[in-house]
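Structures for review follow.
Two complexes are shown next, each including chain A; its partner changes from chain B in the first to chain C in the second.
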Partner chain A sequence: MSDLPLIQADHAVASPAPTSPSRGGRGRRLRLLSRTDRVVITLMVLVPLLLVVGLVWLPALATVALSGTDWDGIGPLSEIDWVGGRNYADVVGNYPPFVPAMQHNLLWLAALFVVATPLGMFLAVLLDKEIRGSRFYQTALYLPVVLSLALIGFVWQLIYSRDQGLLNAVLGGQTDWYGDPHVNIWAVLVAAGWRHVGYIMLLYLAGLKGVDPSLREAASVDGASETSTFFRVVFPVMRPINIIVLVVTVIESLRAFDLVWVINKGRNGLELISALVTQNVVGEASRIGFGSALATIMLAISLVFITIYLAVVMREGRR
Partner chain B sequence: MSRPRTEAEYLARLVPSSVAGIGRRSLLTGVGAGALLGTGLLAGCGSDSGSGSGGDSKEVSVGSNQSDPQPKAVIAKVMDGFKAASGVAPKINTVDHNTYQENINNYLQGKPDDVFMWFAGYRMRFFAAKGLTGDISDVWGKLSGYSDAFRKASTGDDGKQYFVPSSYYPWAVFYRKSVWKQHGYQVPTTIDQFTALGAQMKKDGLTPIAFADKDGWPAMGTFDILNLRINGYQFHIDLMAGKEAWTSDKVKKVFDTWNGLLPLHQPDSLGRTWQEAAQSLQQKKSGMYLLGLFVAQQFGNDEQDDIDFFTFPEIDPAIGAKALDAPIDGYMLARKPKAEANARKLLEYVGSKEAADITVKNDPTTLVANSGADTSGYTALQKKAAELVGSATEIAQFLDRDTRPDFASTVIIPALQQFIKNPRDIDGLVNSIENQKKSIFTS
Partner chain C sequence: MSTSTTTRPQASGPASKPAPRRPPLRPARVVLHLFLGTVAVGWLFPILWAVLTSLRSYAYTAANGYVSLGGWTFDNYVTAWRTAEFGKHFLNSVYITVPAVLLTLFLASCVAFVIARFSWKLNIVLLGLFTAANLLPQQALLIPLFRIFTQVPLPEFMSDSELLYDSYWGLILVNVAFQCGFCVFVLSNYMKALPRDLYEAAMVDGASIWRQYWQVTMPLCRPALAALATLEVTWIYNEFFWATVLMRTGDKFPVTSSLNNLRGEFFTDNNLVSAGSVLVAIPTLVIFFLLQKQFVKGLTLGASKG
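And then the complex of A and B:
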C-alpha cells in the first residue's frame, strides 16, 4: 500500500521542473516514430486502459447499479429486483450507525490532518538533519507501517484491554478504552496516528532528500534562519510532495478500516463508512444492495477529493 | 464450535476472504475430484467389491470448518472410521472457521464439497430454501437415535430433511462450586431468588454476573434466554422469523427485565471479550456467567471439576424454565454432489452411533447428538449438560442462527450494544429495530 505513492513521490521530486518543449519539436518527433514504436505505444496505452476499466470502472459502476437493488448475493443476476432509491433512503433515515460513521470519518480526517501528518512532517525534517542515530529513529518510526494489521490490533489490545491491559495496569485506572464509545474512537486514533506518522515521515523524508542543497545554501548566504528557510524556501519548493502527502492523508482517513475492524468490527463508537460497507457485504447472507449504496456514498465523497486533486495536478501540468 | 476461542482465531477471521482462499482451494479440489469421479462414478456404482485399478469412486470430499486443532483431529478420526467401515476415503478440506462462515454464500454457489459442515436453525433452512443444498430425507430414514427435537431442527421449510446433527452445546449459567460453597449460595429457581443471590454476591465483594459483548454476539444469549423465559419458545421463534413486532409490549418487557438485571452484570462489557469475562469467573472475581458450555475452555484441567451450572431461572410460572439455547452443529449435502452415492453414505455414517462414539472418546468439550452413543466417557459436566438438554421441552439455536444472518449482524448487534450503553430508551430502541426489520424482511 505504501509503494505507489512513494514511487510517485520520488519521481515527482527527482524530475526537474518541466521545461516546456516547443510544439513544433514534439509534433515532428511523433511523425518520426516507426511502425513498431506506434504499436508499442498503442499497447502501452491500451493494456493499462483495459485493466483500469476492468478492475476499477466496471466494479465501480456495478456497485452503483447494485445499490438500486435488493440483491442478497444468491442466485442469478436475472432474479435481482430493482428497488430504486430505497437503499439510500434506508441508509440515511433508517440505519443508526450511518450518521456516527460519517462523523467518525470526518474526525479521523481532522485528526490525521491536524496532528498526525504535521507530526510526521516534523519528524522527517528532524531526521533530515542527519542527527546521530537517525537510521535507528527512522526504522523505529516506520516499523508500525510495516507490521501487519492483525499484529497491530493485537499489540493495541494488549495495551488497551480494560481488565488485563498495560495502560490500566500502569495508570491504575479502570478506563474501558475499547468499550466506552466516548473514549474508544480517541484510543483508536492514537493507534492509527502511530501508523500514519511513520508513513508520512518516510514520504516526506524522501521528498526532503530531493531538495536541491544549493537552495538552502543560497538562503543561508542571504542570512535566513533555519525556520524561515524551511517555511519560505523548502516548503514551497516541495509543493508536489505536499500535495501527495495531503492526498495520502485524505485517502487514509476515507479508507480507515483495518484497526477498527480488528478491534470490534466497527461497532459501538467505532463506526466508519468502510466498516459498514464490509459488515453489510461480507457474510453468509449479505445485503449486497444496501452495502453497495453505502459504498456508492463513499465513492461520491472520494470523488470530491479526487476532483480537487486532479484539478490541482492538471493546473500544474498546464503551467 | 461457532465461536472464536482464541485471540489467534479471532484475528484469523480478519484475513480477507479473497486472500484466505476458500473459493480457490475448494474450487480446485472440487474440480479435481469431479474430474476424477466423473467417469468413475458411472462405472463404479454397481458393486462395492470392484476394487478397480483407479479406485476413483472411492472418494468423497468434505468441507470442514473445524479448524481448531482438537476438533480437527476429532473430525479426522471420524472420517477414518468411515473409511474403515465403507472403504471410501473422504477428503477433508478444512477452512478457518470464520472464513468458512463468511464465504458460505459463494462457496455453496460455486463448487462446494460433496458434504459440508453447517449449523441447524434458520441458518440451515435459509440455504435449503434457496435450493443451495441437497434433500437428505432418505438418509434420515436410515438414521436412529435422534429425538424429535433433533429431527425438527434438521427439517427445512418444505418438511424435508437437509441436515444431519452431530454435536451441540447448551447455554446455561456457570459458576465455580468452591466459590458457592465458601459463601453458601443456593441455586436459584426463580428470578427473585436470582436477583437476591446477585445482591448477596455484591455484598460479598463479587461481581454477580460476568458479562462481555465486545464481539457483539454474547449479549444475544442474554436476550434469547430472557425472551424464552418471559414470552416462551414460540413467540421467540416467531419474533426471530420476523412475524412478530419488536415494538410489542412483550419485547419491551424483555428489555425492561434486562434493564433491572444490568446492575448485577459486570460493567464496561462492550470492551471485553468473552474470554476475559470467563477469566473473571475463573479467577473467582465473578459469581456466575451465562454462556455456552465452551466456557470450560478458559479453565485449567485441574479446575474442570469445579465448574457447575444451572439453567436460567423461571420468570413466568406459566412459561416455566424448560426452554434453552443449545446450538446444533452438523453436516449437509451439496446441491449437486460430485460423488452423490458416497456422500449419502457418509452422511448416514456421521449420523450413526459409531461416529458419535468416536467423538465421545476424543472430544470432552462437546455433546453428541445421537442418543444411541455410548456416553459413559462423558465428564460430569458433559453428563449434566446432556441431561439438561434432554429435559428441555424446546431448543432454540441462538439468535444469530434463528433469524436472518443479515438482520442479526447489521441490526441486532448494534441495537443490543446500544441498549447496554443506554438501557433507558427502550421505546426508541425497539422502534429503530422494527423499522429496520421491516426493510430487511421484505426484501
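And then the complex of A and C:
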C-alpha cells in the first residue's frame, strides 16, 4: 500500500515552489484566467464552504455564545439574558451526572489507549510479516469496522443479555451486563474496543507498509534483533502515523455516543458528555444554555487534539 | 498438503537461499498462526453468534438454552422483515445515502481541485477549515443546528413536516457538511500528486477551469473517488446520531437509526433481534466483501476520521 497520499503528497506539494518563479509568480497566473474561470473557481469553493461554515462552524460558534446565556429555547432571541459563567459553574458543581460522565469519557480513553490501541498495533506488526493466511486474519479483525456502533450495541446484547445472553448461559450467572450500573461501562468498553482494535490495526498496517524496507535491512545487517529494530528504527520513523492513531483514539473516545445511546440513552452507569448534551436538548428538559456549556467543554477538548492533528498532517504534506 | 511435503526438500535446498530466515522460524510460525487464528476466530465470534442465533426458533432456544443445537428456521427473518418494515427503512437509507454521497464527492472534489491546482495563501486555511469540521464532535453542534432545522421552512412537496427538521433534505445536508472535510483532505492530497504539466497542456489547448476539473482531473481521480465512495456509503448508511435527533417520524428513519425503535418490538426475543441486526448489516457486509480493496484503501487514504 505504497499509494498512501499522506506520504505521497510530500514531494508533490513541494514541486510548485521552485517552478513558479520562472513562470512569473502567482499573481500573473491568476490574471491570465478569464472572467468565467474566476467565477467558476469562486463558486467551486464558495458553495461547499458556505455549507460547511453554515452547518458546522457557525453552529460551533453559536454553541459557545449560547453557553453564556440562560435561554430556554422558547422565547425570542432578544429576551436572552447573559449570565456569564453561571452555566459552567452549574455544570461542574450542580449537575450530578457530570462527574461520572467525565470519568466515563476518561475511562473510555484509557481503555482504548492502554488496551485496544496497543493490541491493534501489535496485531498489525504481526500481520506485516509475510505470513500465509494474512488476508483472512486481517479481514476477521476489521470486519467490525464496517458495522455501525449502534448495530454493535445490538450484536453484543446477544452476549450480554441477562436472560438470553451467551455470557450468563456459559458462566451460569445472573448479571445484567447492560443494565447493572457497576458493570455496564466495562461491558460497553469491550464492545467498543472490539471495533477499535480492527480500525487501529488497519491504519497501522498501512503505515508499516510505507516504511522504507532498507531501514530494516540496515538494522538487521547491524545485528539488531527484530524487537529492537521495531522500537529503535521502525516505531520512530512512523511518528506521523503514531500521532494520527493517538488523535483518532482521543477523538473517538470523546465522540463516543451511539453505543450507549442505543443501550439506555446514556443513563444509569453509562453517562457520557455527548449523551448529556443530547439529553439536555432533545430530552424532556430543554436547557439550551446549560447544554451549550457542556457542548463547549467538548468542543474545547476536541479542538486541542484537532489542532495537533492538523499540524501533523499539514507538515507532512508540506515537507 | 501432500504436494507441499514433496516439494519442501527441494525448496530448502539451494533455491531457498534468497529467503534463508524461513526454515529456522518454523516453531515460532506455528505459535504465531495459533495466536492469530485464536484472535481472528474470537473477533468473528460475536458476528457468527448473531447469525447463528438468528437462524434458530425462539421456542427451541427458550426450552433448550442458547448453548445448544437445533431449532433451525428462517422464520425470524420473515418476521423481522415484516414487523420492522425493513423494506421501508432500507428505502429511507437509500434516499439519504445516495444523494449525500454523490453531493459530498462532487463538492469536496471542487474544493480539493482549487486547493491542489492553485497555490494561494488561503489554501491552508481552507484545508484546515474543512478537515477540522469533519473531526468536531457532532453533539457539540447539536443545539444551534437543532434550532436552525426547526426554523427553516420547506415547501410541502419537499417535506411533509414543512421544515428542514424531520426531512430527508436536512439529513442529506448535514451528512454532506460533515463528510466533505474528509473527502477534501484526501482528494486534495491525491490531486496534488498529479503532474502539473497536465494543466500546462490543458491551458495551452485553451481548456477552461471547469474542463480542467471535469475532463482532466476527475477521470484521473477515479481510484480515489471509488475508494471514498465505498467508505462514505458505509459511513452515511451507518450514521446514527443525526438521524436520531433530527428526525421525528418513525416511518422516515433510515435503517440504522430505526434499530432503536425496533428494539421495543423485539424486546423479549433475541432471535428476532439478531435477525434484524443481520439484515441491517447485510448492505455494509456486501459492500465490504465486494469492494474490500476499495474500502481498506479509503480508510487508509486519509488515515484520519474518528
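Criterion: the second predicted complex is superposed on the first by the 235 of 319 C-alpha atoms of A that agree within 3 Å, B and C clash if a C-alpha of one lies under 4 Å from a C-alpha of the other, contacts with A are read in each partner's own complex, and residues count from 1 in each chain.
The criterion applied here is as follows: a contact is a pair of C-beta atoms (placed from the backbone, for glycine too) under 8 Å apart; a residue touches a chain by one contact, two chains touch by 3 or more.
All figures in this text were calculated on a predicted structure; none of them were measured in a lab.
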{"item": "Partner chain in contact with A:P213 - chain B first, chain C second, else both or neither", "value": "neither"}
{"item": "Which of chain B and chain C A:Y178 touches, first, second, both or neither", "value": "first"}
{"item": "Contacts of A:P96 with chain B and chain C, given as first, second, both or neither", "value": "first"}
{"item": "Which superposed partner A:G73 touches (first chain B, second chain C, both, neither)", "value": "both"}
{"item": "Touching partner for A:V83 - first (chain B), second (chain C), both, neither", "value": "first"}
{"item": "Which superposed partner A:G223 touches (first chain B, second chain C, both, neither)", "value": "neither"}
{"item": "First, second, both or neither for A:F154, with chain B first and chain C second", "value": "both"}
{"item": "Which of chain B and chain C A:P236 touches, first, second, both or neither", "value": "neither"}
{"item": "When both partners are placed on the shared chain, which of chain B and chain C touches more of chain A", "value": "C"}
{"item": "Chain B versus chain C as contact partner of A:V282, first or second or both or neither", "value": "both"}
{"item": "On chain A, the residue positions that both chain B and chain C contact, one per complex", "value": "73, 149-150, 154, 157, 161, 164, 258, 261-262, 282"}
{"item": "Residues of chain A defined as touching chain C within the complex", "value": "1, 3-6, 8-9, 12-13, 15-17, 19-20, 26, 29-30, 32-34, 36-37, 40-41, 44-45, 47-49, 51-60, 62-63, 66, 73, 123, 126-127, 129, 131-133, 136-137, 139-151, 154-159, 161, 164-166, 169-170, 194, 197-199, 202-203, 205-207, 241, 244, 248, 251-252, 254-255, 257-258, 261-262, 273-274, 277-278, 281-282, 288, 291-292, 295-296, 298-299, 302-303, 306, 309-310, 313-314, 317"}
{"item": "Chain B partner contacts - residues on chain A that touch it in the complex", "value": "70, 72-75, 81, 83, 86, 90, 94-97, 149-150, 153-154, 157, 160-164, 174, 176-181, 184, 258, 261-262, 264-265, 267-268, 279-280, 282-287, 289-290"}
{"item": "Chain A contact footprint on chain C (complex, rising order)", "value": "29, 32-33, 35-37, 39-41, 43-44, 46-47, 49-50, 53, 61, 65-67, 107-108, 110-111, 113-114, 118-120, 124, 126-133, 135-148, 173-174, 176-178, 180-181, 184-186, 189-190, 192-194, 196, 203, 208-210, 213, 224, 234, 237-241, 244-245, 256-257, 259-260, 263, 270, 273-274, 276-277, 280-281, 284-285, 287-288, 292, 295-297, 299-306"}
{"item": "Touching residues (chain side chain B, partner chain A) in the complex", "value": "7, 11, 14-15, 17, 101-102, 104-106, 109, 123, 126, 130, 132, 214-216, 267-272, 276, 279-280, 404-406, 409-410, 413-415, 417-418, 421, 432, 435-436, 439-440, 443"}
